[in-house]
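Before anything else, here's the structure in question.
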Amino acid sequence: MEIRQMNEQARNTNKARLLISCGDQPGIVAAVSQFLYGQGANIVESNQHSTDPEAGLFFMRVEFEIDNLHERADALKQSFSKIASEFNMDWRLSLASKRKKTAIFVSKEPHCLLELLWEYQNGDLDADIALVISNHENSKGLVESLGIPFYYIPANKDIRQEVEEKQLQLLDEYNIELIILARYMQILTPNFVSKHPHRIINIHHSFLPAFIGAKPYERAYNRGVKLIGATSHYVTNDLDEGPIIEQGVERVSHHHNAEDLKKIGRSIERSVLARAVNWHLQDRVLVHGNKTIVFN
Amino acid sequence: MEIRQMNEQARNTNKARLLISCGDQPGIVAAVSQFLYGQGANIVESNQHSTDPEAGLFFMRVEFEIDNLHERADALKQSFSKIASEFNMDWRLSLASKRKKTAIFVSKEPHCLLELLWEYQNGDLDADIALVISNHENSKGLVESLGIPFYYIPANKDIRQEVEEKQLQLLDEYNIELIILARYMQILTPNFVSKHPHRIINIHHSFLPAFIGAKPYERAYNRGVKLIGATSHYVTNDLDEGPIIEQGVERVSHHHNAEDLKKIGRSIERSVLARAVNWHLQDRVLVHGNKTIVFN
Amino acid sequence: MEIRQMNEQARNTNKARLLISCGDQPGIVAAVSQFLYGQGANIVESNQHSTDPEAGLFFMRVEFEIDNLHERADALKQSFSKIASEFNMDWRLSLASKRKKTAIFVSKEPHCLLELLWEYQNGDLDADIALVISNHENSKGLVESLGIPFYYIPANKDIRQEVEEKQLQLLDEYNIELIILARYMQILTPNFVSKHPHRIINIHHSFLPAFIGAKPYERAYNRGVKLIGATSHYVTNDLDEGPIIEQGVERVSHHHNAEDLKKIGRSIERSVLARAVNWHLQDRVLVHGNKTIVFN
Amino acid sequence: MEIRQMNEQARNTNKARLLISCGDQPGIVAAVSQFLYGQGANIVESNQHSTDPEAGLFFMRVEFEIDNLHERADALKQSFSKIASEFNMDWRLSLASKRKKTAIFVSKEPHCLLELLWEYQNGDLDADIALVISNHENSKGLVESLGIPFYYIPANKDIRQEVEEKQLQLLDEYNIELIILARYMQILTPNFVSKHPHRIINIHHSFLPAFIGAKPYERAYNRGVKLIGATSHYVTNDLDEGPIIEQGVERVSHHHNAEDLKKIGRSIERSVLARAVNWHLQDRVLVHGNKTIVFN
């Protein structure tokens, strides 16, 4: 086990991911693969997607290994920027060994937080969980027992601005790259959202676009649906309208009351959020307008 | 095979289903089961459901076998009506051997019709398909080759009233007990719907209540959902708002364009509609307000 | 919340479950429901199952509420035993408020244990977890932090007999009614199993009967299956051959190596085991030969 | 609609698929994409897979469009063969417009045949169904009504050799490239199989490797499984042991007897086989030892 982890670590040390979005045109794949071959890189995984011809967009993710990645990362970027400007690419290169600094926001219900911490302890979540922020105190003990700082910041809509100022300051302090709303039941202001574009992942407890907004399980119960769901998406300024990363459903029946739906739903929420977060952490999600491309 | 079918037929000959809805109160199950025992019936399957205490309603379905059912059916109903009035029940007794006379309405896309006819030929659909009505002619050959009358009635919203008059007359002529809208792309008027309450089953090509109305696959594509679905429900006067009988979903991704979603969706629609229709035909569906209780 | 829990508690106080197995014959349901009605009980949920006519067996579960259940439980049993002997029933009456004393056995991999403890903390597992026994020490801290006794008993096949003696003594001491093998990687002897018939629930990390025995994920990988699964079953003396309670699967592809299958599998194992255990705790599982009837 | 089909046709006219298997080594993707770029091809979809380092194999599928494909196909192959020999590739180039000549073998149960014919009529199966061969006559009418030749060849194990001779002659006559065993209940000899390596697709009515061989539903019923499945695989000389292309499952319960499992199973078989066949027809399946790589 220990040896496997060392190998894992060693392998990640020289593993990088190149993400590209640009207008579709001939020669992109040839140029990128020729570049990587010229640098002595070994492609581990490669995915690409072209939209319909009207939109005419091209997306690519390449995971590759290269000797002495850390020493050479800057030079690599420098060299690649020539190709990038030739094809007018939006692009980024991220190192697999550099785990993203992550903040988890949670309210009273801890199940999504617990799932993420469980995956984290198990080595299955490729994040550096830097802090947890909550408007309730009930998760404090658990979080601190794992050595993760816990910040209790009471919140309600009347004090939204000052609450967000404190939160933004903490995010800044910890150099946070990803914010996970693990059933955080407060609405974020456009100011907050604009500071972390496509870097806030929420879990909504319905199968969007059904039951946008409050009390989705009660409304699902009242509508008499036969399947309930959960949706993980990037947060934008339109409530529950941001790009969807992942969704899941479970079967329900007339036996279940609204409380039962909540209980069944907790299990869906946990797994849907964990999958979406993992894909983001592995740089598998690209955003295109209000949609995602998930290379999984 | 032939022997099995005869046995099947013989068994169904003496099989009946009793469906009950009433206010919840002690003693219902005892009274019903005592009654059936007294009549010499053998209970094959029994299901019941009590709503939450506020609504305080009770639903029951009992499938039983009894000797000489056909000769005794009237007397059975007579006897049971005393218990029924004691508990103030809505109830009905249906004979399994009496297959429901069914009309299928279809427009141009034949996949749901084909699925139902396939189940029908295979002996897996417990209906007597009496006729097919369509505003397109493309399914005529297939339907008639199975010896089922096909009525081509062109339809559009300007001639809705006269179209429905013709349709209602046919339904009357054939003593139709169940109408299946197998992707029939015309809206029915309140007059039509009111003549067949909870006896019109529709398949909507989305996971309701998401994407009510027209072009759900295009809208699902534009929203970037990761699962698409279909919903079978009883038709009421509120478009796509009637009691849901069954729903299904399949996973989709950024690889799929709107045409792909339609193709994947056809497969979901076929199986969801077939399940819903089968449950209705076996008297497994009870309606409670805008919800269903499905004893399956 | 607190009020809801009190109500929940109050409701469970007067809730009981009657489980019956006997030869199929007319009048059973009438007799049982008449009895309960006569006692003033209110039936909350009732399920029954008749096997095929050759086997000719009948199974029933009735959940009911009755005033002053605790004071009257003995008298109820006394009265019912007359009906039971008339129909030659195997039966038991269990009180919903009396949570089953449960032992969890675990080896090194903690994911199934964690899932059960998570459900337990969340109030979603209707057990009284009395102790955890492990042949590894890694879960000790977590278990004890919840106030649950943890017993570290090193085990291997050479000392099987003395290990089991210690375990059986502990089970006896704590009056254990249910043993959960939450990825306990030691084989139990017939002597151990015979002392807890149909009261030991295992999770096997394959879709039984495929991949019985050791290293199922490696073998699934080598066979190139496209779905992997997990199975929860009662333990008998035939390895992985006991009555199946629940199974689950997830899709895999050529992208996944054996390690990936293990990781995906952990998630299946967790949820399959949790469902099986919950059904057992709620007296929803009846055993018939080498099969289960699950009234869920 | 008509215009869309013409466009579809036009697009397929210039669409080709390049499939490659070889030892993994740096520079493959660069060489292939550089080659296609140099030829003026536009990559529509590209997938690749590297096995674990021990096996050290590389697989690739590229779908591309190129002007005047038909005139240039031979020259393209000629040019590419230089790259292929440099990297020691197994490869093939197939034209999307050239639909594979396909034979369907069926016995008495027609559901899988019907599903394939349904997809075929609907334009959703990219095959040229050249003939149907059966050892029963019951599907003759249906098949011939679609203008497809139907050959009734009675078969049993005593006349296996002469039966296969007739079948092989027909396959030869029709230049068959794919044989689909759509519930064909006769075992093929090694001689037959060796003549069509990885070009015979079977549907087995269980979740392999569980229930290899005869009567899987009866055995699933007797084992008391909670999910049943179906498996589509390439036929090899080891019964039900060939490379798996696709699998599917559905939930069952104690309510279902063996006949019910067969009925539920038919629906799984239909969709699993149809998916597997479609992937093969689109050149999405590569075989590696006893496993498949499915680029879908």
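As written, the chains take the letters A, B, C and D, and residue 1 is the first residue of each chain.
Just so we're on the same page, contacts are C-beta pairs under 8 Å (C-beta built on N, C-alpha and C of every residue); 3 or more make two chains touch, one makes a residue touch a chain.
Nothing here was measured: the structure is a model prediction, and the numbers come from that model.
Least step count on the touch graph, subunit B to subunit D: 1. Chain pair with the larger contact count among A-B and A-D is A-B, by C-beta pairs in contact. Each chain's centre was taken as the mean of its CA atoms, and the one lying most distant from subunit D is C. Subunit A and subunit D have CA centres that are 37 Å apart. Averaging Cα coordinates per chain places subunit A and subunit B 42 Å apart.
None of the residues of subunit A touches two or more other chains. Contact residues of subunit B toward subunit D in the complex are 111, 114, 118, 122, 124, 145, 263, 266-267, 271. Within the complex, the subunit A residues that touch subunit D are 26-27, 29-30, 33-34, 36-37, 40-46, 48, 50. Within the complex, the subunit A residues that touch subunit B are 49, 52, 207-211, 223-227, 229, 243-249, 253-255, 257, 288, 290-294.
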